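Take a look at this one; I'll ask things after.
Chain naming follows the written order as A, B, C and D, and within any one chain the residues start at number 1.
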Amino acid sequence: MGEIKVGVVGLGIGRSHARAVDGKQGAKLEALCDVNEELLNKFADTLGVEKRYTDFYEMLKDDSIDAYIIATPDNLHQDMVCAALRAGKDVLCEKPIALHNSECKEMIKAADEAGRLLMVGQVCRFAPGFKMAKKIIEEGMIGELYFIESEYAHDYTEIRGWRTDPEMKRHPVTGGGCHAVDLVRWLADKDPIEAFSYSNKKVLVDWPCDDTTISLLKFDGDLMGKVYVSTGSKRDYTMRTVIYGTKGTIICDNTSPHLSLYVEELGGMNKLLGDQMKHIAHKIPVKISSHNVVAEFDEFYNALVDRSTLKITAQEGARTVAICEAIIKSSETGMPEKIEY
Amino acid sequence: MGEIKVGVVGLGIGRSHARAVDGKQGAKLEALCDVNEELLNKFADTLGVEKRYTDFYEMLKDDSIDAYIIATPDNLHQDMVCAALRAGKDVLCEKPIALHNSECKEMIKAADEAGRLLMVGQVCRFAPGFKMAKKIIEEGMIGELYFIESEYAHDYTEIRGWRTDPEMKRHPVTGGGCHAVDLVRWLADKDPIEAFSYSNKKVLVDWPCDDTTISLLKFDGDLMGKVYVSTGSKRDYTMRTVIYGTKGTIICDNTSPHLSLYVEELGGMNKLLGDQMKHIAHKIPVKISSHNVVAEFDEFYNALVDRSTLKITAQEGARTVAICEAIIKSSETGMPEKIEY
Amino acid sequence: MGEIKVGVVGLGIGRSHARAVDGKQGAKLEALCDVNEELLNKFADTLGVEKRYTDFYEMLKDDSIDAYIIATPDNLHQDMVCAALRAGKDVLCEKPIALHNSECKEMIKAADEAGRLLMVGQVCRFAPGFKMAKKIIEEGMIGELYFIESEYAHDYTEIRGWRTDPEMKRHPVTGGGCHAVDLVRWLADKDPIEAFSYSNKKVLVDWPCDDTTISLLKFDGDLMGKVYVSTGSKRDYTMRTVIYGTKGTIICDNTSPHLSLYVEELGGMNKLLGDQMKHIAHKIPVKISSHNVVAEFDEFYNALVDRSTLKITAQEGARTVAICEAIIKSSETGMPEKIEY
Amino acid sequence: MGEIKVGVVGLGIGRSHARAVDGKQGAKLEALCDVNEELLNKFADTLGVEKRYTDFYEMLKDDSIDAYIIATPDNLHQDMVCAALRAGKDVLCEKPIALHNSECKEMIKAADEAGRLLMVGQVCRFAPGFKMAKKIIEEGMIGELYFIESEYAHDYTEIRGWRTDPEMKRHPVTGGGCHAVDLVRWLADKDPIEAFSYSNKKVLVDWPCDDTTISLLKFDGDLMGKVYVSTGSKRDYTMRTVIYGTKGTIICDNTSPHLSLYVEELGGMNKLLGDQMKHIAHKIPVKISSHNVVAEFDEFYNALVDRSTLKITAQEGARTVAICEAIIKSSETGMPEKIEY
């Protein structure tokens, strides 16, 4: 297989994807697309990209493009992704793959019918702190999991644009909280069956949805989860995540240079502790890369090359969206809601 | 009023209370009581206390004692406290005041009929980090609260004794988690109306109750709460508590020498931050005193002297217990439960 | 031996010692002494001590007192300690034992001639973080030491009283910095042979001595040391201490609930680190007790009882003072100075 | 001015520079040079660079190259830099600019005679934490400086290659410690006049130079400095730097997401502190970029364009080297050494 030619659509977060493509040996940033022509030209000049489109469907006619990265507003994902798939292109779609599971199913169907790859960019799975946590769990170092909590607490006070548009109906739980929801189910290596939540709106009072939602998740086999989503939090952004197992605990996030690991087996340090109820925190160094788009594109690129290793499939994205929908529904009904995948 | 003579009953945690009485000018540690005679004598020797009882009801006949501190196992509180009140004594009862709201009501009634003071030892209200948090909230520095979370994560693996006795029916949510529940409602300055929870038992598998419970609380006026209680957690003990307000956020606990405060008003430091989405953590120094029994007894003593300032009344203790009961009930029914005060 | 009767002289820091005596079984706080009669009476009332003196030499005539704790201003130590020793009393003298090694030698001579115990209260040796560091070194976990640094950075801006009196000639290096100097030589388990230092006075401009001194220490056998003393530092007080060994490093202080330990042997965690140049910080829990006077008095009490276990002898105090003197001298001569013990 | 064509020599650390050139609009990575042909070809392939040299002097004959980045072993800097300057090229030379001030003077002379720019890559000046510290100092927030300490503590145990070659005579103080030395003088905005140091070799016992050096610096006007250099430290790498001023203190490094600032003026938080001796740490968020070569090349590029703004001149590099030489000399003579610029 020769050099893979990639087109990037949507130059908000998509600028990061474009740079990742540009820096990847074996891939070529073939074309860029954005409705904002000024932004498009300025950015394309910077990276020296000649093919520029303000209309995605015009772009689709360009036969030279092998694969698309769709990083447009969430409510546009379904149509654009399906169109690209039906045009015979492989697609990496920015998270959330869509705002509703019904849309996701259409997208999966389109990919199946076209026989093309559809990956969802759940970028948190590539953050070094979370990758280290996954590795520790898989090594069996903390035993069997019984509770996982993750939070997406971000201050959107100064954010404007499409996210605040009532027409978009972009609920923060799906829009940003899907990071935390996806993280919990990926670390758990299983899916929850029920969700319960409360929500309110006290900070972003002129936004169309509640800004803060706290939710509990119930898994088969006695595992429990918690996800906190807030887009009005007056504090530093981080996705603090705590994973409790029968033999140890992990405290991690995507903004600190260390992950904290507590384990029963202390590796020769027991002699320092007279009181057995005390615990040693082992601070494991990790790199900081809260949005590791380079690694995300590497995974997509590798799947394009070998056609078989794709892990973060559209099905994965769909299950995450289904959980978000149940969380939102529970906050409206006031009752626990079964998750419908 | 002369020197107040105090009797302490139950020399587990009660040893701390006894020392606090012993160190307080104006109070006298008059007598000690415990069913374990060896422990009783050893400890009484240390503090030089002559009057020693293995039978509380014998002790009650001693007219010289003005006030009692009851620090016996939770299921004994009701009978002992009521007996002391009916004997005309003021009482400080260790938390939880009882295991059920129905018992609490009996105790409150007994206090009212006897015209005596009944305080509950919710000692977390005296931890310097939490007192500082309360002060910051009262100063209005973080605006209106919209979410409070607190956790009681403790490793009981090596604990044995009455807490593991099935007859005691001491649920961890009431037994230890009442610390976190009481903290949330005290910081909120209001009471929740509904609770929802999940629980499981994966660590202390031979204990009589679930060891881990995660619960959400709903308050009037759009405030939400979360309480996590786990007695099997493999990590360092702390009561991490986060208080989110419309103008700021507090992150605090009872084991760190600092509280973190994030506020919109940066006090002249705005000039350092070009990017307005970033937040400065102001680390406020606090003393560490996770179980500040000295300050707790000071409050009791002051109430004994002036007969009017008692803040942590039996009613306060009862409301905290009522919330714990709803949390436990929800974990059994799988449904949100109204809290019955 | 019956109950040991102790007199405490100097009710500034001495109040802590008095409370430690009062709380110790086997010891009795027999008498208190301070030149400030109002302070004396108020404090003696609190602890219920009847014998009160404003004149130490009057107090000395009281035959019932077995041992003295001298906690007066530093320049008074020599005369008072020697008088007590010559009166046949055992003495615990607050650090620094004296301001000059010549005085120390007189005090040691007096103790020898009288056959009495003379302990110096280098209280940092009892801080839990530093005790843990000493234990780790003794376990051989960090190999052979090659550099130790300690700092005494304290903000004295609001302190007034005898410390600012030019007549006292209390240099901060000896007065407060002796904590850090003593710590370094105790952790090293050997004594430096040479010191070099610079100093200045930029904050406490109206104080009689330089407020900040930075010094290097040279030990036999290639060990090096650094001590930083500053009484004008605008930051939180702590005695940050770093101990570098050929197999590991300890970072500790007396105000944090953890000590950080880095060791080559990672105890089963090597599998988590691909890059061998990275190091895991093991955070060992320690209690916080920056001035653990209770443990200090315990050691004195035990020595009084068995007459043989005294570790922090006057000779120890004298060697610490000798180092302080060399540091101060070097800051004046601008040359490295041999330490004269 | 058109696109500036840059040649990079030395593909160890120089790979970072090459990537920075490659990513900079207005600059072109024209050619690469390394004596290791395999490494050269592999890296050149990655970035798609056609012109490749294993002989620097051959490369110099290529007239199309406008500017050079010299990132070869330290002892080769002088000859290569001078040759490039005399060929009429502008040069960015990796730190240390040379191992001896005498070499530096030759290089400065060559630049002056050729009328070309010579910048030294003291990359720490671009680390976000240190830039923030510089800004705080310049804002006057911490008053007049009286002590600055910085450390370069790195574990070189697994490093091999030219740094361990006795022929290179690369002393760690100049080789790596120049980072900390340069940082101190840049933050101080003045130069020290005298140095004193001790050194030893306990970890890298088969290396040609001492691995650990602790040194003090004396500046005019009562400012003092400390630099610690260790290439055998068993701990995580960081350049911890503390800056003490008469009105505040900064604690910062190049590996943490925060800088700690203590200031007298608390910005409305004074009401929280009853005890005036306590200090609030304001944790200012900073990005982590311990080796921000991108920003370093930006500065070089801007100087190439406007020919006037160069800040980190060869003279700056030379003064840093002169201090390193005095530190090394003092460790050999055992005496304080005047610094000869």
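FYI, contacts are C-beta pairs under 8 Å (C-beta built on N, C-alpha and C of every residue); 3 or more make two chains touch, one makes a residue touch a chain.
Quick caveat: nothing in here was measured; it's all calculated off a predicted structure.
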A-C against C-D, pair bridged by the larger set of C-beta contacts: C-D
Chain located farthest away, centre of chain A as origin (C-alpha): C
Intercentroid distance (Cα basis), chain C paired with chain A, Å: 55
Distance from the mean Cα position of chain D to that of chain A, given in whole angstrom: 38
Distance between chain centroids, defined by C-alpha means - chain C, chain D (Å): 40
Set of chain A residues in contact with two or more other chains: 236, 278-279, 281, 285
Residues of chain B that touch chain C when the two form their complex: 23, 25, 45-46, 236, 255-257, 285, 288
Residues on chain C engaged by chain D in the complex (per definition of touch): 142, 144, 146-147, 149, 155, 157-158, 196-203, 212, 214-216, 218, 222-224, 226, 228, 230, 232-237, 244-249, 251, 262-264, 276-279, 281, 334-336
Interfacial residue positions of chain A with respect to chain C in the complex: 132, 135-136, 139, 258, 260-261, 265-269, 271-273, 278-285
